[in-house]
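First chain A sits with chain B, and in the next complex the same chain sits with chain C.
After this line comes the complex of A and B, so read on.
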């Protein structure tokens, strides 16, 4: 069947929510906020236990009900969380890595905007960034559904 | 007297100077530097009209110095008509310093005004203006206007340069209007006594 990205979330280095995009209609935004928040603990555990972890991609953080949560943390402690609905089939690491790389690029373009205040801990409020994240979600979702 | 170079010759000269006679720096470094400059000005002055003025003034100072570099590297002689000036500015000047080639268009009937239309603008990579900058009337790349005014004044042309539209503000194109006020005859430039 299809594995779809249900949600992409960005969390700042002080564990403040930076951005959340809900692609599905099955669950409300609040549920994904909760999921992202719980992911922070899992990420911090992962990183603390393995100081030799050189990879930004953290893999599957945890799974619940029909959702799988993947994590990625940059060297500047900004965390990306992708929630995927697992129906059938295996999600390859390579696919998730590409998705995270795209999110990372979108994030880089956003912080290069001189008017964006990095220290303010406010959430990202930029049309270009929203468009980029939506494109990532749409691209992956249409792609997977065509892989039947 | 050498004949005025044709448009093609301007373009070729511009490309040649860019390729061989100019040292280059990293584009992101340049963009980020200009960006933090504008943001700092916005924080300091808090009034977008004043920021525009400051950017223009900074550009003016840069232009007065840049023209010497331009003339030395390009080896170009005197422009016969204002039209040649326009071509030299767009095909050689902008090419040499920014590797872009804005289009010269919208000439007025007396041939004393023209527009520079920019397809790309290296200063604005990644930049998105916040709401109050849009409402306050900030011209992000206003430094260009100053540079043109300062440079042309050093070659005895007094011009007025203003932004007409900017892609950053949601307009279709980025356009600067250049208007020749008069030729200066052996006078000290205004403001330098």
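After this line comes the complex of A and C, so read on.
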């Protein structure tokens, strides 16, 4: 069937919420905030435990009910979380990696704004960034629903 | 041409190549020279303590630049193993990106102090004064505060808070000293 991104969340380096976008209408935003928050612990565990794992992409963090949560942490300790609804298809690592690379590019464009203070712990409030994230979600969701 | 310009990813539009927008190096040089000049000129120095204000302004500018540069240039790089790895990244990769060469000498006391020595600092290569020697070193010092900030910003964004100072005894050589916060 199809795998859809339900939510993309960005968490800052002090574990503060930076941005959250809910693409589905099955669950409220609050649920995804909760999921992102619990992902922080899992990410930190993964990074602390594996000196061999030097990849930015962290793979499947955990799964619950009908949702699978994937993680990615940049060298500057900014964490990206993507929540995918699990149906019957196999989710390939390569696909998730491209999604995270796109999120990283959008994040880079956002922080190059000289008026954005990286240390302030404020959430990202930029139309260009929102559009970029929406495009990532829409791109993946339409692509997968066409693979029948 | 200087590669200090933008590496714009148009990945979302699915173009296969990343377009590199380049800026002429002489423009970059002129901008930096004028930046230091303007800040030194417009900072009101009433007492000896105020000369720190110029250092602080240039350092803060460099800090913001360093944070963003490091975010962009560690994008495709695997995670850092430890602090020494981070400092080595600064000495090799960041210096190559900014100055097209690597740091010539890195020393550490293994207790949180690193000394980076650059024997031909690119931004000093065309500087000289009539008197020469210590006088030109003293006049060139404000121009080294911005790179201090860049190094501090780069380290901070990679999770290593620090204090960076720099000094030059004779152009074009300069030394950066990084003290890690405990």
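To be clear about the criterion, the second predicted complex is superposed on the first by the 148 of 148 C-alpha atoms of A that agree within 3 Å, B and C clash if a C-alpha of one lies under 4 Å from a C-alpha of the other, contacts with A are read in each partner's own complex, and residues count from 1 in each chain.
The rule is simple: contacts are C-beta pairs under 8 Å (C-beta built on N, C-alpha and C of every residue); 3 or more make two chains touch, one makes a residue touch a chain.
On a predicted model such as this, the values are computed, not experimentally measured, just so you know.
Peer 1: Regarding the shared-chain residue A:5, is it in contact with chain B (first), chain C (second), both, or neither?
Peer 2: neither
Peer 1: Let me test your reading of the model: by the given contact rule, A:127 touches which partner, first (chain B), second (chain C), both or neither?
Peer 2: first
Peer 1: Could you let me know whether more residues of chain A are touched by chain B or by chain C?
Peer 2: When the residues of chain A touched by each partner are counted, C comes out ahead.
Peer 1: Check the residue A:47 against both partner chains and state whether it touches chain B (first), chain C (second), both, or neither.
Peer 2: Once the two structures are laid over each other on A, A:47 reaches chain C alone.
Peer 1: Would you check which partner chain A:114 touches, where first means chain B only, second means chain C only, and both and neither mean what they say?
Peer 2: In the superposed model, A:114 contacts both chain B and chain C.
Peer 1: Applying the touch criterion given at the start, work out whether A:104 contacts chain B, chain C, both or neither, answering first, second, both or neither.
Peer 2: Touch partner of A:104: chain C, not chain B.
Peer 1: Looking at A:18 after the superposition, I want to know if it touches chain B, chain C, both of them or none. Which is it: first, second, both, neither?
Peer 2: Neither chain B nor chain C is touched by A:18.
Peer 1: Could you tell me which stretches of chain A are touched by chain B in one complex and by chain C in the other?
Peer 2: 109, 112, 114
Peer 1: What part of chain C is in contact with chain A in the complex they form?
Peer 2: 9, 11-12, 64, 67-68, 70-72, 74-75, 77-81, 157-159
Peer 1: In the complex formed with chain B, which residues of chain A make contact?
Peer 2: That would be residues 109-110, 112-116, 126-128 of chain A.
Peer 1: Which chain B residues qualify as touching chain A in the complex?
Peer 2: 28, 31-32, 35-36, 38-39, 125-130, 133
Peer 1: Contact residues on chain A for chain C in the complex?
Peer 2: Its residues touching chain C are 13, 47, 51, 53-56, 73-77, 101-102, 104-109, 111-112, 114, 118, 132, 135-136, 139.
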